[in-house]
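Shared chain: chain A. Partners: chain B in the first complex, chain C in the second.
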Partner chain A sequence: MSAGSWLCAYAITRNRPLALGPGTRLVGHRELGVVVADVDPARYERVDTLEPQDATLAELVREHDAVVRAVFRQEPVLPLRFGSILDGEDAAVRLLRAGYEQARACLADLDGHREWGVRVRRTASAPPSSRPDAGLTGTQYLAQRRQKLKADEQNRADLGAVAERLRDVLRRHAAGRADRTRAPGVLVDDAYLVPTAGESAFHGEVQRFADEVRGHGATVETTGPWPPYSFTGFELEVSADG
Partner chain B sequence: MVERMELAPAAETLVDLLDRVVHRGAVIHGDVIISLAGIDLVRLDLRLLLIGIEGALE
Partner chain C sequence: MADRSDSLADILERVLDKGVVIAGDIGVSVVDIELLTLRVRLFIASAQTAKEMGMDWWTNDPFFAPKSVPVELDNTENAQLRARVADLEAALAAASHRTELPR
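Right, the complex of A and B next:
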């Protein structure tokens, strides 16, 4: 192994002529290719010590995303995880040989699809009627407060039901769904693999639900289109004689 | 229709990107891959990451 030949691998795609950015090239094997660039390992030094919002990490990640997207605009793409560094072009060919059938089947499934993120988030809850109305007796105040709590609870249950209906409907418009880690206050954080021909129907459903969700004190947001990052969660094993 | 949709705030856009690029995508094993020191540790706990970034931007 020589450091001079280290390659950063971004994605597996079809072995076809691609317009790629400077420094990036396709290493092909039969019908498949892996998009790589020569890499200076020093760039990844101490990457583990960086804060997530550190500009260095964000820059590396954006670079990775830009290469994957450039390929994705032209061909179906199977993104590789950030920091996949290969030991030269021979290693790239061995990777393609070892993962050939798995990768080819995956690309066929992903062809004609894009990933969309959908998030339902509670908006800041209505400010509580902080000071009891001067005219209310203690009993009246407590009754009012109980009523408010009950209404909030009902609203939360209704919102949960709407969110589940939204998820069911969107799932029917998609080839796949992946759950993502949810931040506090987020009810739904899903990724959907949507056929491009069905995108307007998919977004139409999101729109149809938007008012209903808003009525329950929440919003629906979408992100995308993304390359199918959330739908390529498999592992490629390259044995020593691969 | 697309322009009427609500967009995620910028901090979460970065979290979405980090999550996808760093946590998702196919993983390669075997002797073709060079293990970079600490690269596995970049796979941060996303919950911490969400709170961390939102906190940092407040």
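Right, the complex of A and C next:
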């Protein structure tokens, strides 16, 4: 390993002239290139022990995202995992050589697509009616409570069914779907790989479902467009002699 | 449905937990990806985060919290009790040591 020439690798893309931010450059090999920047590995020291909301980590992550997006605005892109540090430009070329066919095929598949996030989230349930138990007998109270629970349960089931229909419909408008880690109270948290030509139809469907979802005490929201982060979860194996 | 800025949590989850992984010996592991990934997943799933993001639906849900009475561990009292136990154990040890001396 060489000393003092570490490169942070952000993304694999096509080997074409790119407008890149200061400090970043493209290392090319045949039709592919990897976007890199000189980096001091010390910047990443102990980063894995930081809480995700730590400012240092957030800054590094935003930086990574900004570089990937800059490339994505111009060419299809394979985002690399955060903290991919290469041992100099030779290593960058070896990476491209070893993963050439896989990366090229994947770039071709992703060309003309963007990732959109769709989330269905329960909002606060309806507030309990004011002083519901005033003047009720115990039996009446229990009956009312049972009714309320039954209604809530029915609403949850209905909402679940609506969410599944939404997912089915959106899937038909997308080239791919990826499940993501779901936070509490979130019924759907999907990423869709949508062809740019089909984006308005995709969002039209989301819009069409919005009222129905709201009627069940939930909201549907979209995030994006994203570079295809959620659709590039594979490994490129590169050995020393590769 | 207007275009919104994507939240930091969304960016974190994508950048730290997704994307192509380079395996092999051409780089240096400066980041324990699995550890980071785990942290991010916990972060996203954590109730505290959910609360900060306004997703604390259960705190207002009468089914989960009919009359929520927060049960809190009193850390100060806990610490005081621990200190007393330590003192008593030390005193006990000293006492038994003394009684053993004459033998």
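As a working rule, the second predicted complex is superposed on the first by the 235 of 242 C-alpha atoms of A that agree within 3 Å, B and C clash if a C-alpha of one lies under 4 Å from a C-alpha of the other, contacts with A are read in each partner's own complex, and residues count from 1 in each chain.
The rule we apply is simple: a contact is a pair of C-beta atoms (placed from the backbone, for glycine too) under 8 Å apart; a residue touches a chain by one contact, two chains touch by 3 or more.
Given the structure is predicted, the values throughout are model-derived calculations rather than measurements.
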{"item": "Three-chain arrangement built on chain A, chain B and chain C clash or fit", "value": "clash"}
{"item": "Touched partner set for A:Ala58, first chain B, second chain C, both or neither", "value": "both"}
{"item": "Touched partner set for A:Leu78, first chain B, second chain C, both or neither", "value": "both"}
{"item": "First (chain B), second (chain C), both or neither touched by A:Gly21", "value": "neither"}
{"item": "Touched partner set for A:Gly215, first chain B, second chain C, both or neither", "value": "neither"}
{"item": "Contacts of A:Thr123 with chain B and chain C, given as first, second, both or neither", "value": "second"}
{"item": "Which of chain B and chain C A:Tyr229 touches, first, second, both or neither", "value": "both"}
{"item": "Touching partner for A:Gly112 - first (chain B), second (chain C), both, neither", "value": "neither"}
{"item": "Which superposed partner A:Leu149 touches (first chain B, second chain C, both, neither)", "value": "second"}
{"item": "Set of chain A residues, in rising order, touched by both chain B and chain C", "value": "1, 6, 9, 12, 41, 44-45, 47-53, 57-58, 61-62, 64-65, 68, 78-87, 91, 94-95, 98, 103, 117, 180-181, 183-184, 203, 206-207, 210, 221-223, 226, 229-230, 232-240, 242"}
{"item": "Residues of chain B touching chain A in the complex", "value": "1-2, 4-8, 12-34, 36-42, 44, 46-47, 49-54, 56-57"}
{"item": "Residues on chain C engaged by chain A in the complex (per definition of touch)", "value": "1, 4, 6-33, 35-36, 39-41, 43-45, 47, 49-50, 53, 55-58, 60-63"}
{"item": "Chain A to chain B touching residues, read off their complex", "value": "1, 6, 9, 12, 41, 44-53, 57-58, 61-62, 64-65, 68, 78-87, 91-92, 94-95, 98-99, 103, 106, 117, 119, 180-181, 183-184, 200, 203-204, 206-207, 210, 219-223, 226, 229-230, 232-240, 242"}
{"item": "Touching residues (chain side chain A, partner chain C) in the complex", "value": "1, 6, 9, 12, 41, 44-45, 47-53, 57-58, 61-62, 64-65, 68, 78-87, 91, 94-95, 98, 103, 117, 121-125, 127-128, 148-149, 152, 180-186, 203, 206-207, 210, 221-224, 226, 229-230, 232-240, 242"}
